[in-house]
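Pasting a structure here, questions to come.
Every chain is named by a letter (A, B and C) in the order it is written, and numbering of its residues begins at 1.
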């Protein structure tokens, strides 16, 4: 995208900000902050050294929960997807667990881990595990039979087959799944922090309201959450681009 | 390699039962071996579930959760489909609006709770708003993708037969995009179900999410907690199946290749 | 042969150049062609030579970079229901039944007339019994016939067919050629048909426009002066066909 393509979206955002500011000023009860006040809230956080602290705390939990889930879910999912019978075996369990919000596990998480970082990481792990598992299962299942047959035709043993056929075929899908799941993990960490811990961006939002109705900090927190979530997503997308030069995507 | 041998019919039941059975056994014996006093065994959960079913409060909770989902999801679809179709139809509009959407999307609906409470107070309104937020974006994205993926052959044919732009949108683009829109609706419904449970744990005092929290808070009834969790899973699954049935109707079935 | 009929479509000195990322590609160069009413004309050439581009320009889906295309004396400015483009069977709408597809262009007609026409064309292309079927349930040949029926139902003056039988197996192709000629003789539309198959062109067309590779120009226009049904082992047929083979520069032995 060239430079000029950014002007219109930016203008649109500017218009939205102006509308927001107007709406905020016209409130009778002064509750919701406008963009200017929100920016002030962000500045406040920076001044107290809290912004960095909270962002790091949230990122820390996301990273651990997400990586743990990835390390377990991807190999497991690939294996399950590869063997039809394994997929048949585990599918019902997966389907029942999938619609359960990770937050519903909070009482159990607190029971096992107490209130704190580990509980939050556990929740993020739960929220990331199933989507990654499903992505890996689907990726393994969608390896075209022609690739596998060609590999066997050339005499590749199981180990080589995995390395030379399965792995390159599934990586593009896995990367997309990782990106989407990272987005999910980011949603979960914020929610988990509102309940189970004492630091982080989610905590900021709940605490700012409870301890003094500092809605400027609340909205500041939301904005920061949005921006960081976007950065994470953009970062993962650039990873997709790098890899996609090596393996072909099927484009329509 | 296992993956090549064609499984027989009986295996469709055997393997899942085996796996589930083993898991339940593992759960059951873990509870015994760790001599935990709090965590329920499968038996406990079963009894807890029966207890919940007997007390009619459960049905009220289920009804409340479903009602919130219905309103939030319905509003998201009602607003999201026209918005998505418009953005898909006018790529320029999409380019302008999309970055704003991308910034708002990563904000968990749960993070909106304080703001939602300001607007709607504590209760149904706030949770419906949160569900709306969660379901809105996937629907819009699915509509935009659906419209832009309509093969140009179809659009051309529509123009060839003399359709005006609104007619083209209604009679060619929308039906052609419908399979993808349905997928978006299904995903959004799944998200709505996740959000309602989470919202109920924080911002309201009825519904399945509330049941989970309440069972723990008033008496550490972890058997009820796990029972409620499983119920959440089952109902969510039923919702998913329901919307998948729509995908099998003939006017959209063409858009879905082989069933997995 | 036929008495001098009026000109239906005229292509005057048309050139088409595509620009992408600053680079220009000349696809068509100085095309002059006149098609008479009721004629069956084939555009013949190797794949990618630009014949589809020419067809699209004639149908109004793209504007020539220079030159003019006129139908009935009016400059072509866009697609029109009087000139229907038939794609390979992928143009059929999968969310509509056979009836729904054929009736697609008939939305301005009263219901009774619409239903009458739908029934008529279902019969004409031989799809009786499949009225309520959906395209995914039909074979390739049936879908192609459906598309032709849909095109004919709006009673256009002209039909543009872009390698319509390309996705079919060769036996079905032979059957479809015969079907198309039968339909053409029943309702004399002006037909312009794009193909890369020399036999197909000689079997179907009144005139074959042989086009060169890109940038495409008209190499030669061959009059096929054999009356239908054409005997594909007759001397005159083979003579015309070989002539075109040589025109394109192809050897005779595989």
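Following the convention adopted for this analysis, contacts are C-beta pairs under 8 Å (C-beta built on N, C-alpha and C of every residue); 3 or more make two chains touch, one makes a residue touch a chain.
Worth saying up front: this structure is predicted, and the values here are computed from it rather than measured.
A.B. asks: In this assembly, which chains make contact with chain A and also with chain B?
C.D. replies: none
A.B. asks: If you average the CA coordinates per chain, which chain's centre is most distant from that of chain A?
C.D. replies: Following the centroid criterion, the farthest chain would be C.
A.B. asks: Looking at contacts between chains, which pair has the highest count of C-beta pairs?
C.D. replies: After counting contacts between each pair of chains, the winner is A-B.
A.B. asks: Suppose every chain is reduced to the average of its Cα atoms; which one is closest to the average of all protein Cα atoms?
C.D. replies: B
A.B. asks: Measure off the straight-line distance from the CA centroid of chain A to the CA centroid of chain B, and report it in whole Å.
C.D. replies: Taking the average C-alpha coordinate of chain A and of chain B, the gap between them is 17 Å.
A.B. asks: Quick check: how many Å separate the C-alpha centres of chain A and chain C?
C.D. replies: 52
A.B. asks: So, what's the distance in Å between the C-alpha centres of chain C and chain B?
C.D. replies: A distance of 48 Å separates the two centres.
A.B. asks: By residue number and range, which residues of chain B touch two or more other chains?
C.D. replies: none
A.B. asks: Using the touch rule from the top, collect the residues of chain B that touch chain C in their complex.
C.D. replies: 151, 153-154, 156-157, 159-162, 167, 171-172, 175-176, 178, 250-255
A.B. asks: Show me the residue ranges of chain A that touch chain B in the complex, using the header's touch definition.
C.D. replies: Contacts found on chain A: 5, 8-13, 16, 31-32, 82-86, 88-93, 95-101, 103-108, 111, 138, 141, 158, 183, 186-188, 190-191, 194-195, 201-202, 205-206, 209, 215, 218-219, 221-222, 225-230, 232-233, 252.
A.B. asks: Please output the residues of chain C touching chain B within their complex, sorted ascending.
C.D. replies: Of all residues in chain C, those touching chain B are 59, 61, 78-81, 83-85, 87, 90-91, 93-96, 104-105, 107, 134-136, 154.
A.B. asks: Once bound in the complex, which stretches of chain B touch chain A?
C.D. replies: Against chain A, the touching part of chain B is residues 1-3, 7, 11-12, 15-16, 18-20, 23, 38-39, 92, 95-100, 102-115, 118, 149, 190, 193-195, 197-198, 201-202, 209, 212-213, 215-216, 222, 225-226, 228-230, 232-237, 239-240, 260.
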